[in-house]
Amino acid sequence: MNDEFDEDAASTIKRFMFVNRKAPHGTIYALEALEVVLISAAFDQDVSLAFLDDGVLQLRKGQDAKAIEMKNFAPTYRALEGYDIEKLYVERESLEARGMTADDLVVPVEVVDRARMSALMSEQDVIMSF
Amino acid sequence: MNDEFDEDAASTIKRFMFVNRKAPHGTIYALEALEVVLISAAFDQDVSLAFLDDGVLQLRKGQDAKAIEMKNFAPTYRALEGYDIEKLYVERESLEARGMTADDLVVPVEVVDRARMSALMSEQDVIMSF
Amino acid sequence: MLHTVNKSPLQTRDLDSCLLHLEAQSAESRLLLIEDGVYGALAAAPSATTLSDLANQGRLYVLGPDLSARGVAPEALIAGAEIVDYEGFVQLIVDYGPHQAWV
Amino acid sequence: MLHTVNKSPLQTRDLDSCLLHLEAQSAESRLLLIEDGVYGALAAAPSATTLSDLANQGRLYVLGPDLSARGVAPEALIAGAEIVDYEGFVQLIVDYGPHQAWV
Amino acid sequence: MQFAILVNESPYQHQAADSAYHFAKAAIAMGHRVPRVFFYMDGVHNANRLQEPQQDDRNIVQRWSQLAADHDVDLVVCVAAALRRGVKDEILAPGFRISGLGQLVEIGIEADRLVTFGD
Amino acid sequence: MQFAILVNESPYQHQAADSAYHFAKAAIAMGHRVPRVFFYMDGVHNANRLQEPQQDDRNIVQRWSQLAADHDVDLVVCVAAALRRGVKDEILAPGFRISGLGQLVEIGIEADRLVTFGD
């Protein structure tokens, strides 16, 4: 890693993980996290998304935020593939605690157990927690 | 209670309870709750304060908020008596879960058990929850 | 009185605390789950057992628009939970108020 | 990596979740309690048992200014928890970063 | 009935302001009155007229202003909380006014119910 | 070392802005650099120059402006988050500028560490 803030820095490829741990709609965290993820696609980094704890609820099928006059952003997770963001990790234990399986989610994801999720976290260069 | 919004309403005496359930300093809830309590003294209502869950930490002795450049408002609880606000109820179970007793608090309070706290809540006309 | 809980019980302990206090109150007190609090009524949630008693007594309500927003179907809820809309929320406060928000 | 928890474990489940993940990581990961998270290090808190293991391994830190602000004396903490100031916080990120905030 | 409403969180970040609005609208639709909504703590940010949400999102401040205009709802912003946070007359949306905390206690006394929305 | 800092909550309501400030100050005092602080979500309210806290309280916005002036810290406010919440150039404090989310990702790449403060 660079100790100097030089121009070459922008060409470094880093492992970026966006960690999502909050339910959608009650707070804006899920929505604004997704906005950063979309922007990050333009920077050609090694981007992944982690969903654990209540964060797995962001991907739940059948969300109709219009019922409370809010933006329905869940379908946007399906657009990530088009931005070459394909690493979506969802924690198995978090799904189970909420009675959910991968079939309940709006996008195909990689379901990982907690130990694997912990390992993935520790392999990152940059973690943005929302 | 009045169904009409008439001028007599201001002369009604109501039982007001301010419910404090959050720790101090991490959020402003405790401080701004106390500001409402002080104002309420001018209205000659039947005012009480309830401290439960992390709210009991607001009354903890020895707080030095200057360590994080914040306002040290804990001493203000001692000023409440001068405003004739004397009903401070603190939940015993909440103190115990934090290893505290009435001796650890900045003001004399009435320590009540959870059942009594629940009963007090249900006797109020107006509850402000912070 | 009418209690509301607006946090997911899998994220915070507000629902736990509310329920402990509600149990000590008369049958006239009611609980309405709103915002992220509606996840508490999922039959699969750890809170289901405690909430079931309340639901069986007809004292548990869940805000429908918040369920829809979150993709929680009525079938996923514990038995006996009554779904209300915002007008139902208002009526609960009319019938059972004062309001205690477990924010 | 350096984990921070800023919520009281008596109010939210963030510390619980952090600890479950930290256990699965190498001994190079560290935990720093900040803001309302510092209450987690109270010897009397329900989190004390789990945190003690970490403290015994020299992997648990608590932000001193946040302790002082809240009136928590060092003697009230579980054994082995190391108190640091903001410069200590910075040094932990230098030594163990990246930073994962369990917000 | 008369409902007083207290909002303690900022718009968009938390759902509190949305829930409060939908509650107020429903109460009025049922024939009740909402004499006052009091904005306290970060709730004062609800009064900022400079807000420009995206086209496909709701406009929280405009919704409040419209409610005030249509149904004579008094939208009061706490002066102490607002000063601390930089919400002043020069950026205040129509229908809002800045006043003291006494307005909250007063409406708590006068209304039949006080309903709180926070985090 | 270079520390990038992300602030996701409003001043006064949450301690996040305070913690971020004290962290930045300590890092600089130790000889590190803080090239950029990025204000996102309700963190954008940190940039509002109209803030007037009470005399005996800290002035969060002035502290940031001073830090920027003294140590060349780039204080960037996310444009999308700011528009939604009514934080615009006309109320921006000295040292702050409004720009895109790309500035957050960019500094995440360029700095040695990214430190997050939220709720």
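For reference, chains read A, B, C, D, E and F in written order, and residue numbers begin at 1 within each chain.
Note that a residue touches a chain if its C-beta (ideal position, glycine included) is under 8 Å from a C-beta of that chain, and two chains touch if they have at least 3 such contacts.
Values in this document were obtained by computation on a predicted structure and should not be read as measured data.
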Touching both chain B and chain D (chains): C, F
Touching chain A and also chain E, the following chains: C, F
Farthest-lying chain, centroid of Cα atoms versus that of chain F: C
Taking each chain's C-alpha mean as its centre, the one farthest from chain D: E
Residue-number overlap at the chain C/chain D interface, same or different (half cut): same
Mean-CA-position distance for chain D and chain C (Å): 33
For chain A paired with chain D, centre-to-centre distance based on mean C-alpha positions, whole Å: 25
Interchain centroid distance [CA atoms averaged], chain E/chain F, Å: 27
Shared-contact residues (touching 2 or more other chains) in chain B: 25-28, 53, 68, 70, 126-127, 129-130
Touching two or more other chains - residues of chain C: 6, 10-11, 13-14, 35-36, 65, 98-99, 101, 103
Overlap residues in chain F, where contacts from two or more other chains coincide: 1, 8, 12-13, 15, 22, 41, 54, 57, 80, 112, 114, 116, 118-119
Inter-chain touch pairs (all): A-C, A-D, A-E, A-F, B-C, B-D, B-E, B-F, C-D, C-E, D-F, E-F
Residues of chain A that touch chain C when the two form their complex: 22-27, 53-54, 57, 60-65, 67-68, 70, 74, 97-100
Contact set on chain D toward chain B in their complex: 6-8, 10-11, 35-36, 39, 42-46, 64-66, 68-73, 76
Interfacial residue positions of chain E with respect to chain B in the complex: 1-2, 6, 8, 33, 35, 40-41, 80-81, 100-102, 104-106, 108-112, 114, 116, 118
In the complex with chain A, residue positions of chain D that touch it: 1, 13-14, 17, 20-26, 28-29, 98-103
Chain E contact footprint on chain A (complex, rising order): 25-28, 68-71
